[in-house]
Amino acid sequence: MSDTDPGSESPRLTRRGFLRKGAAAAAGGAAVAAALSPLRDLAPDDIPTIERLFQKHYKEMTPADKERIFARIEREVKARHGVKTRLTDPPPLDGVEYVYALNISRCIGCRKCVHACVAENNTARAPEIQYIRVLQMPKGSQNVESSDHHYDPPVVPQPDSYYMPVQCHQCAKPPCVKVCPTEATWQEPDGITVVDYDWCIGCRYCEAACPYWARRFNFTEPEVPEGSLNPDMSYLSNRPRRKGVVEKCTYCLHRTRRGRMPACVEVCPTGSRKFGNVLDPESEVAYILRHKRIFVFKEDVGTVPRFFYYFDERGSRYHEPIAPVQPGADA
Amino acid sequence: MRRYLTFVWECVRLSFVGDWRYHAWMTVLTVVALAGLYAYCHQLVHGLVTTGMTDQVSWGLYIANFTYLVGLAAAAAMLVIPVYVYRNMHLHDVVIFGELLAVAVIVMCLLFVTVDLGRPDRFLHLLRRFNFPMSMLTWDVIALNGYLLLNLHICGYLLYSAYCGRKPSPVFYVPFVFVAIVWAVSIHTVTAFLYVGLGGRPFWNSAIIAPRFLASAFAAGPAFIILTLQVVRRYTNHRVRDDALMTLRRIVQVAMIINLFLLGCEVFTEFYTDSAHLASARYLYFGLHGRRALVPWIWTAIAFNLVATLLLVLPASRGLRWLNVAGVLAIVAIWIEKGMGLIVPAFVPTPLGEVVEYHPTGHEIMVCLGIWAFGLLLYTIFVRISVPVLAGDVSFAKRHGAPPGTGKAAT
Amino acid sequence: MDPQTAAFDRIRAVAVPAVLVVVAALLGAGLWRVPEAVPAAQPVPAWAIDPTPIRRPVLKPEYEVAGFSMRCSDCHDLFPSPVETDRPLTQHTEIVLKHGINTRCFNCHHPTRRDFLVDDRGGEIPFDQPPLLCARCHGPTYRDWLHGAHGRTDGFWNKQMGPQEHRKCVECHDPHEPPFPPMPPAAGPNTLRMGEQGAPHEPEAVHNPLRIYQQGAGREPVAGAVAGEDAHE
């Protein structure tokens, strides 16, 4: 056949040749269309609109842009979740640098902080995205390899264990910010490292870079159960995310920038969590940093976290078991 | 301009010209590529949950293949160095196949990165805000795209010059070739630095990663070219001399020995020190807390490496049969090493000590196979076009001088 | 060209489109399902996100007898009780004092005026100011509490933007049995493909002196007394 010899021209376009080539082309087209057929299941709000494709980075938005974009997001949240929200954008407070202190003499590992955070931040429930991970550590070890994340004893605390919750440390030298190729994550002046969920391309380099395993990725579309959506939202923290973007603890900036405590601090039953402005010498955290025995988790990695573990000079964790309390019952 | 468009049209036409074996091969590749596209469309609809990746192991088969292929692309430079730097003319006629391989492979690398993204529709954000020079991914973007353009230019210029029947002017390609040599080393170094610079992952945070990358790349790449050159020799009338194959064999031999030495360095450093940083290496070689998914893979890779190196050192591999066996073993072993032996263990255990294993899903594997098939498709087309064009069988003169009434549009 | 190759070429001209059409049909039929890897959402009980403190003491000198709330002085002004310390309680016997070496009721309660707690010199401390009492012995903890390093702080971190209050001692600690009681933990992680977790770690082959003193390490978890089992829901 002439078309096996590359040097020859195809002399005439015969009818047979045309039919053959046409059939092959049509079959090829059909195969490509069939390969693309799953895309018909794309949800309509998954298909990027021109406006979304060219939406500005948060840092470049003018107030008018923000108003327009926030209104659009509020409409989208109403359409997806049926809840009317007011998307806020509290600016960082002047003269404030947030610092977190956690008393590992007093943490009993009850995990209420984990679930209060999930409820506050509208994270996915299946799989459950939890920004806080509580480690049950054996006495005598700081090596997290000996920790148990999935402890489920009848009561906590268990003897010969201490509990170390880990969440984003909002490091002063954040490796996640260093590696993000599109500047979708950056650190705000008050110390909180934030993510612009509409800018993130989902490469997960930040997730690989974090020494504290603090960043989470939405592998699937996050579903928040009906009635559980927290309507108090802000653009940079707890507005509902879509699949394919990274998220993390933001020290509940929609609350803390208005003076309130993060959800994890509020719910902790033993008062092990302390939060405040380290630049204020009268704050609780300033007192702790001055007077308590603190250490930094994985200090040798050099990221200079804004999260400190401390312990009381006294305080025994190794008492005999006593009658447990039923949570929620009156004392 | 008209000539250029004719050249492009000729290339397209040539891609569909071939005997039944060529069409069978291309059809198989097309089917696999389409199946991969189908799996990727599922991923676009459902998110990356169709893969086996998790928050604990957040990079998997896609990035593993990407890392391996960047190495293959870098190895194209291995053909260029002997010819242009050392004037070793044995390889002169086959340099083009290395460059073409680089183009096809870089396209595969870019595809692997794209399918790994959670939001590929936002890749333009890279152009609008680019965290250069702090983020190593931005260096990688520049390096890979620059390397692609370099090789496209070199190959395109050489092919187009042959098509036009004129001798290529050295000033338009020799400087680019030298830049490509340096650039080839840099693309793989930059890719290595993606991993090396992360203090939170002690398995990666080691200076030996970049040299090991280069050594294994310079073993796998030329091995791959040894195999493809034999295919070219068999199915086209392009002359491939045995000297070329023996020079490549020498390169693979030395690179494999260096790779084994560097493996020994790594293993000693981890296991003799026996500190807590050993956890990831222990998971890889012996399993950790009862989780042993990677253990058979890495020991297979080490066995293949040893056998391949032994074969290459022995004179038996001067015969093509054993050379091919050694080549295949080397390619497979280095693929395992770079993929499962490098990317996945760094995530086990997590920085908080949790052990969650990684098992790629069927969708993920299909997307990978689809991209490999697409890359092989591209490379086959490139070879299909370049052999006759370089031999002068297809040229503008021949087409222009074709007898009238051929039915083709007048040029 | 030999007839065999020519034959294959003819077949090929039909086979290629046929194969593509078959592939199109298979893919288009949507037979390849996406695997269900997402774990079921775990229910979270309301107590797990409830910030209410574990104790809500009345902070008043009141005691309930047969459904009636009576002030302590109602009885104790009428029936002066002896100040010996070793006598067991004959009334409100449900109060069992397990306060470490503090085994004397009148270390805290005023011996004669039962509506008050007692300070170092026998003076009165009102019932709604328990920290002044606890500070008598637990000085460093009281000092920490004053500065917010011990115990829970409710309200705003920024006092200029809202109120802030330190929880009083007895809002966490039962004064007669102060150790903070154990409680069942809320649900653990529920992430993608996390597999079977909680597998026991390999026993250490290397001698480690620490292990001699770790009673609980890797052993069965301790249940806690009595109501431990059904307290966990």
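By letter and in written order, the chains are A, B and C; residue numbering begins at 1 in each of them.
In this section, a contact is a pair of C-beta atoms (placed from the backbone, for glycine too) under 8 Å apart; a residue touches a chain by one contact, two chains touch by 3 or more.
Just so you know, these numbers come straight off a predicted model, no measurement behind them.
Q: Pick out whichever of the two, A-B or B-C, is joined by more C-beta pairs in contact.
A: A-B
Q: Could you work out which chain's C-alpha centre is the most distant one from the centre of subunit B?
A: C
Q: So how far apart, in whole Å, are subunit A and subunit C when each is placed at the average of its C-alpha atoms?
A: Going by mean C-alpha positions, subunit A sits 24 Å from subunit C.
Q: Where the centres are mean C-alpha positions, what is the separation of subunit B from subunit C, in Å?
A: 53
Q: Cα centroid separation between subunit A and subunit B, in whole Å?
A: The computed centroid separation for subunit A versus subunit B comes out at 34 Å.
Q: What are the residue numbers in subunit B that touch two or more other chains?
A: Touching at least two other chains: 19, 30-31, 34-35, 38, 42, 45-46, 49, 54-56, 354.
Q: Which subunit A residues sit where two or more other chains touch them?
A: In subunit A, residues 4, 28, 31, 34-35, 37-38, 129, 133, 146, 149, 219-220 touch at least two other chains, as defined above.
Q: Could you list the positions in subunit C whose residues touch two or more of the other chains?
A: 9, 16, 19-20, 23, 27, 38, 191-192, 197, 201 - these are the residues of subunit C that touch more than one other chain.
Q: Please name which positions on subunit A make contact with subunit C in the complex.
A: Going through subunit A, the ones touching subunit C are 1, 4, 20, 23-24, 26-28, 30-31, 33-35, 37-38, 93, 103, 106, 108-112, 114-116, 118-119, 125-130, 133, 138-140, 146, 148-161, 219-220, 223, 225, 256, 258-261, 265-271, 274-277, 283-284, 287-288, 291-292, 310, 312-314, 319, 321-328, 330-331.
Q: Mind pulling up the subunit C residues that touch subunit B in the complex?
A: Residue positions touching the partner: 5, 8-9, 11-12, 15-16, 19-20, 23, 27, 32, 34-35, 37-38, 191-195, 197, 199, 201-202.
Q: In their complex, what parts of subunit B are in touch with subunit A?
A: 14, 16-19, 30-31, 34-35, 37-38, 41-42, 44-49, 51, 53-56, 58-59, 113, 116-126, 128-131, 134-138, 141, 194, 197-201, 276, 279, 346-347, 349-354, 388, 393-394, 398-399, 402, 406-408
Q: Please output the residues of subunit C touching subunit A within their complex, sorted ascending.
A: 1, 6, 9, 13, 16-21, 23-28, 30, 38-42, 44, 46-57, 98, 140-141, 144, 147-158, 160-162, 167, 172, 174, 177, 179-192, 197-198, 201, 210, 214-218, 221-229, 231-232
Q: So in the complex, which bits of subunit A are touching subunit B?
A: Contacts found on subunit A: 3-7, 9-13, 28, 31-32, 34-39, 41-42, 46, 48, 53, 57, 129, 133, 135, 143-147, 149, 166, 175, 178-184, 199-205, 207-213, 216-221, 243-246, 298, 301-303.
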